[in-house]
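The structure appears below as structure tokens.
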Amino acid sequence: MTAPSRIVFEYAAHDDLVGALRRVRAEGYSHVEVYTPFPSDEIDEELPGPPTPVGAVMLLGGVIGGCGAYFMEWYAAHDYPYNSGGRPLNSWPAFIPVTFELTVLCSAIFGLLGLLWLCRLPRLDHPLFSLPQFIRASQDRFFLAIRTDDPRFTPLGLERLLEDSHPLSKQEVTS
Amino acid sequence: MPESRYNQPTVPPSAEPLVGPGETMERINATISRVPLTHPAPRFWWIGFGIAFVLVLVLLTAVSWLFLKGVGIWGINIPVAWGFAITNFVWWIGIGHAGTFISAFLLLLHQHWRTSINRMTEAMTLFAVACAGMFPLLHLGRPQYFYWLLPYPDTMGLWPQWRSPLVWDVFAVSTYFTVSLIFWYIGLIPDLAVMRDRAPTLLRRRIYGILSLGWRGDGRHWRHYEKAYLILAGLATPLVVSVHSVVGMDFAVAIVPGWHSTIFPPYFVAGAIFSGFAMVLTITIPLRAVYGLKHYITDRHLELMAKILMATGWIVAYGYFSEFFMAWISGDTFERYIPINRATGAYWPEYWTLVICNVLVPQALWWRRIRRTPALLFVISLLVNVGMWVERYVIVVTSLHRDFVPSSWGMFSGTRWDWATFIGSVGLFFALMYLFVRYIPSISITEMKRMVVTGEETE
Amino acid sequence: MSSLAQPADGTDRPHRSEPVTTVGRATDEFPPEASVWPADLSRRDFLQVMAASIALAELSGCNRPPSKTIVPYVTAPERALADGPVYYATAMSWEGYGRGLLARSNSGRPTKLDGNPAHPESLGATDAITQAAVLSLYDPDRSKTPRYHGAPIDWAEFQEQWLTEHARLQANHGAGFAVLTEPTTSPTVTRMIHRLLDRFPSARWYQHTPLARYDRDGRQDDYDFTRADVILAIEADFLLQHPASLRYTRAFSGRRRIENGRVNANRLYVIEAGPTLTGSMADHRLPASPHHARRLLAAIENALDHRPIGNDLSAVEQRTVEALAADLQAKAPNVVCVAGVECDDDIRAWADAINVRLHADGVTWHSLPSVRSDPDRRCAGDLAAAVRAIHDGQIRTLIIAGCNPAYTAPADLQFATALEKVPLRIHLGTHVDETAVACDWHIPESHFLECWSDVRAYDGTASIIQPLISPLYASRSLEELLSFLNEPPGRDGYDLVRETWQANRPSADFEQTWNGWLNTGLVDGTQNSRSKPSPPARAVGLQTSTSAPAVTVLIRPDPTIRDGRWANNGWLQELPKQNSQMVWDNAMYVSLAFAERENLTNGDEVELRRGSDRLRAPAWIAPGLAADCVVIHLGYGRTRAGRVGDNRGFDAYRFRRSHRLWSDDLDHVAPAHGHGWLVSTQTHFTMEGRDIVRTASAADPAHTAGLRPRTEPSLYPDWSYPSYRWAMLIDLGTCIGCKACVLACQAENNIPVVGKDQVARGREMHWIRVDRYFEGDPQNPQVLHQPVPCMQCETAPCELVCPVAATVHSSEGLNDMVYNRCVGTRYCSNNCPYKVRRFNFLNFQPPKDSPLYLQKNPDVTVRARGVMEKCTYCVQRIDAGRITAEKANRRVRDGEIRTACQDACPAEAIVFGDLSDPQSLVSRRKREPTEYALLEELNTRPRTTYLARLRNQNPALVGHEVPVRPNDTTNHAARGPVRSYLAAPDA
Amino acid sequence: MPNDPSPNPEQPPSGIPLFRPRATTVFRVVLLGIVLCIASTGYAVLQYYYSPYWNGIGYRRSQPVMFSHRHHAGELHIDCRYCHATVETSAFAGMPSTSTCLTCHSQIFTDTPMLRPVVLSSTRAEPLHWTRVTALPDHVYFNHSIHIAKGVGCTTCHGQVGDMPLMAKAEPMSMRWCISCHRDPAPNLRPASEIFAATWTPPSDQVERGRALERALHIDTTHLTNCSTCHH
């Protein structure tokens, strides 16, 4: 199946995009994408989609790291048991720092990998990059893209819906 | 939008903006990306980098000689078996703390003003920690076996000795470096996308393009991104505290009078942030002047940093005081001897240098005028850097040179190789900083734009 | 990236499997001081290393380990030198007097010397010099070939030359022929000389020694310190510097050993100028110049006669003299008065008279016949006589054998110039020394471990000196040379020695007797019997002069290198001097009073003037030195000693006059400009009021000793030690601080010499050190000695902080140090409160091809650069002992395992053993009430503990003396030079 | 619609993206590759130092004389101690002197080329230079006699010598390997009669027998894992 194409509206201002986004959401569009130079709470509130699971991923990493670390220390101390300064084999107070550090480390690494995985990055190519204006998506332009496979999608309807939202441009990007 | 919307009680509402007037998104893009893209003020850069690079060569020479002859080329001895290497290690780690503190801790406290300096300070953290991490390796009698400190299934059936703070160090420092790197890089991705889209040549577009992993500012990506960034900040904050606590425990765990003290971990952390902010000032003040970034790193930023400097300075001062108090209240002969020996013994000049630099000099910051005069701030920051190095020197050396048994008391003084290694590491640090400003936007473009447009803070 | 397998990391040792018989060549690179800049490092090498280190490329260890070879014998010797050490009974000459040895041989290499328990003048103990003697065998600077005017030649050439000379001498009955040797006790040497004199009737024999003669008019004083309750020592260092010092120390310390809480202690009064080891053991010490000493002695005599003692004494002196006199009379005849051999004759005579008067003669004071040879007076005289003869042209062929007069002659003899007048000069010596270069011919002399000889001890006991190794170089023993000179080509030392004894002790089964002597290490029946001394009824009175000179300079042999004969011995050079802790140098010892007056610090140059003579040298402030005295030591300032001994310190012989050998009056001493570089292993001599060395009074040890070692509760459960629990006890009451233990440890454990520069940097490597502290009045302080090895703490702070478990605790309570696991963080040393850990900051080992490796103990790893090391309780001996026991399915017996320091100790102050056996000696000794643990409040639970220092002060004098509160010393220490001395001139 | 020019003066030819889809795939593969490379290198290095190659197991080093233990020990049943004479008494097992070889070989095979080096060695009085088969590092102190005395047979460490034409190392001789036996010797103990057997295979009930021997020989393992047992 060939991926659907997108209708891309370019806006000059953050608030224009927010306005446009509100409209399409009001119309019940669900296959909506926005591309902005910076994150924005308002946009995030309007944007459909589930909350991010990245937090859970990082928690998992932390738990693995912590338990792994303490077990490693405990195992090492018992695998080759020796009397170090008269301390017991399982000197738990001394084992805490490494446990903590590895908790943080694993959690952070899971965070990075989780982020990349959830964003499906790295992805150097994207149909939108073929759009000349899109070069400013990272700089000072705000883009709204409606996927043509959206159940509510009709070219005219969309046209009418957003004509007075002052888009700088409107283009169709096929992939 | 009114900035007050996000103001928290932690900072008093201030009429003074954190960004100069008349900033637009495009102007931010242009001004900040100009530095890496068009490389302005090349003379400043080349001279500075040149000097730093010469010092790096000095470092290489010193290290080569060290590997050839052994640590005996340094001034260390019995009883003072630790000298410059550990001093430098602690000093650099401390400097490394400002970065993560600013980016993570202030982020959690919604301190908007961090936005303009977090990128630079995070870079500073990375380079400082790199310099720091070098020394524990170099100071080994047999550096070729450093990997015995790592847990791996060797043919001897042996493992690291987990009760030793030095093993904690290995994990603390490497964790700190990795996490800081991840934090820094994640913050960098959108800016790398900006660079990709502004770079003049195809090659540089491609390079920045690869580095930015094809970031395209997708709204749903921003959703994951902000969450991850925030949690990382939440992790980095206790990490900062833990790392220098562990470093402090290198000393506190030992029974050496002058080391064996419960105040060390907090007192080291405070000292770390103290020296860290000093180094931030040392770097930002010239930088913003040369590259015309005063609109983003305003005098207000400097003032706020100065205030933190003074606050942490007081905590450090309290640490010094508590040394005397604890020694006195312990009633222990050896404990009581140490602070007196520090202040009046053979190392009194070092001790009073650190008191002047770390306690007296920062008091100047009570005056707003001084907080507002970059030149003076710059001088003060340098003095604090010196003071903090001397503090670590005093802690390491004076505690060891006269411990329990008077018959084995001795003295320490650094040799030329001690100095070469230290100066060289400073060179390495600045060389890396120069490369950083040369190729990477030293202020977060994305967050700047966001603050200008929405007044929001990344969360 | 290096190997994960056991690293081939340069911690190597001489191969045990390869039998070593002789060494082909000896290297010429033995840097006594590991210099920080290697001379031979080219720019290119350096860049290469830089490149390597930049890449951090550690390529070694990535290939399979290379093959080693293993070389068996062609024909195995009858005693297979497989592996285990073999011990031989032999002896060495301590300045002519015999000391019995048990020499250890590993794979045919002599590696360690210990005392022969059967030998009456050794009793199984040794002093530091004996321990170091083995190193001289492997001295790379030893003379290796005969030389003619400095050029190496072979023996045949010399033989040729001598044959012609021999013929000439035979023709004229040896006219103009003279032999100069040291005074000897060797029967064989004496016999050979006599035979030489028989062959050449008009030949002459001279004897020269720069050291004191321990006999006077044919007899030797001998003392029985076991019976002496009160000892008065006048300038007598009988505990360290005496041929019988080992026996005397054993006896003296025996009376200081607390047993079952009680001790029948002797009381030692010392009158001396300079600080000596004996003085440091004194219960009451009066610093006095030789002149003032006479006043004191006169006063003592008066006091004995109950006459007014005269008022030219200080209050303390008066009190002490009276108390001393009372003490002597009370305890007579179990008292003894010992006058040092360096004293003037009238003082020695006075001592004799006192002993007679107190009826000590035959009780504590005895007489022995002199064991010095030439009973029939065939010796033509001393060096002065020889010089006169030379000037009279009576000496045309001079043999200088086994001594170094060109260096050791008193300045006024001007021996060097005299020597030039002799047409033919032949020298025998172990080194190409000052005399060798002034002679035409030089013959290398064999080390006593290489050749056959014999020697007699102070008490007459004769021992056969048997070699453990064939000569390393083309050297001859003195006997062999004499035999050669007598009847070229001469005969083998073995035959000569056997011949002597066959003549002395003819018997049917001589072979058996001979072997018996070799096994026991002594010739039975040669010990002289002690007789009651018969001195002149009333000795010549003391000449007490009222006018004292400005300053008196005392000239003494150096405590470690003596007259300079040991100057090229790195161990002795680096051994802290027993009276100052200084190393690698001699100095001008000045009194604290002088230093304060002139505001001197250690190292400031001081100039002595005597008429036109000048002597400049750096000063060393010696607390306890009499105010108007200066002490200088012989043996330094050598120019041809070798790379270790050359150009160190100053030459005191240049200031010595043949008629005032031991003390000289000067008109002037003053600070000169300039500063010398003196180095000592200890820079701080007060205890800062800390509880380091505890002192108990002999009267009531249990009471004064204070606390018993307490083990404070620990948060952690205690570890159990199911099997042996090794422990050590060091008795500070008996320890005299002679430092034999330090060198015994150095020899046993392959401890390197680091050189003056490294010691100055605080990097000396001794595993056991002997600390000395001053207490009380700095002008005349009480000296405290404290040997400090690793304490083997049960809760060792060092172990806890090691990141790689290179130092962990063994199941028998040892604090194991694993060199090959150590990465060198040095954290353990920082965390050791006793600072007994030593670190290889640089590569301190000699070059791979140095003969010094032949001395290494194959059972101890030679440590690489960058690893930590420390006392192990001689764990290699523990393992060997345990293996022996386990093979026999029994436990190790008490006393079966002895540490090297314990073996050496003449005072038996060190006891090692198993705590799990309550009846073991160490357990019993540890139950003494004066036992304490160093820094016990740290709860490190040391296995090594101490018995408190014992002081037996005269009750009449207690309290009267300068108060002994450490704070006082610190207050004293607060003053200028005193501070600079007592309170660490560290900088 | 209006479309003001990009702020960037030299914008790329519009429509042509910076990367083609293949680039993404390549990039991802490369990233993955780097990670895998690092991991596998580490693993490979570990394996290398555990490998028989590194330990030289089964590696027959060239010897001056092609001496066959199989023939002498295995077939002729010459006792180990005949040549390695000090194995019961000292740390070093002892290497046979040339004269030891000649006790037999002065009579038999005297002039075979194989024996030539031995003959030369004795005539010229030059020792044979054998290549070590099992060499421990210099900081390891191994004592043969105690192991023999406590029931550890030759072949436990040196392998089935009786089957070896040319001697080869049979065990890694790594610390891990030594320690494993020092912790629990029972599996390797045998009765005194079997100590010098040139080939030996443990009986089925070795563990019980081993335990019994351990008690009989008073083997106390508590001190066997002390560092100072092998390192001083």
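Note that the chains take the letters A, B, C and D in the order they are written out, and that residue 1 is the start of every chain.
Following the convention adopted for this analysis, a contact is a pair of C-beta atoms (placed from the backbone, for glycine too) under 8 Å apart; a residue touches a chain by one contact, two chains touch by 3 or more.
Only a predicted model underlies this, so the values are computations on that prediction, with no experimental measurement involved.
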C-D or A-C, whichever has more C-beta pairs in contact: C-D
Inter-centroid spacing, chain D versus chain C (mean Cα positions, whole Å): 47
Between chain C and chain A, distance of the C-alpha-averaged centres to the nearest whole Å: 79
Length of the line joining the C-alpha centres of chain B and chain C, rounded to whole Å: 56
Distance from the mean Cα position of chain D to that of chain A, given in whole angstrom: 54
Shared-contact residues (touching 2 or more other chains) in chain B: 26, 29, 152, 154-161, 163, 165, 167, 196-198, 209-210, 214
Touching two or more other chains - residue numbers and ranges from chain D: 7-8, 12, 18-19, 24, 27, 46, 49, 174-175, 179, 225
In chain A, residues with contacts to at least two other chains: 80, 82, 84-85, 87, 122-126, 129, 135-136, 139-140
Arrangement of touching chains [line / ring / star / complete / other]: complete
Of all residues in chain C, those that touch chain B in their complex: 2, 4-7, 9, 34, 36, 38, 41, 46, 49-50, 52-54, 58, 682-690, 692, 758, 761-763, 769, 771-773, 786, 788, 797, 800-805, 808, 821-827, 829-831, 833-835, 837-843, 864-868, 934-935, 938, 984, 986-987
Residues on chain C engaged by chain D in the complex (per definition of touch): 1, 3-9, 11-13, 16-17, 64-65, 67-76, 80, 82-84, 722-724, 808, 810-812, 814, 816, 818-821, 859-861, 872, 875-876, 878-879, 882-883, 886-887, 889
Contact set on chain B toward chain A in their complex: 24-26, 29, 151, 157-163, 165, 167-168, 171-172, 174-175, 178-179, 182-183, 185-186, 190, 193-194, 196-198, 209-210, 213-228, 231-232, 235-236, 238-239, 242, 246, 249, 446-447, 449-450, 453-454, 456, 458
For the chain A and chain D complex, residues of the former touching the latter: 10, 80, 82, 122-126, 129-130, 132-133, 135-136, 139-140, 167-170
Residue numbers on chain D that touch chain A, as the complex places them: 1-4, 6-8, 11-12, 14-21, 23-24, 27-28, 31, 179, 225
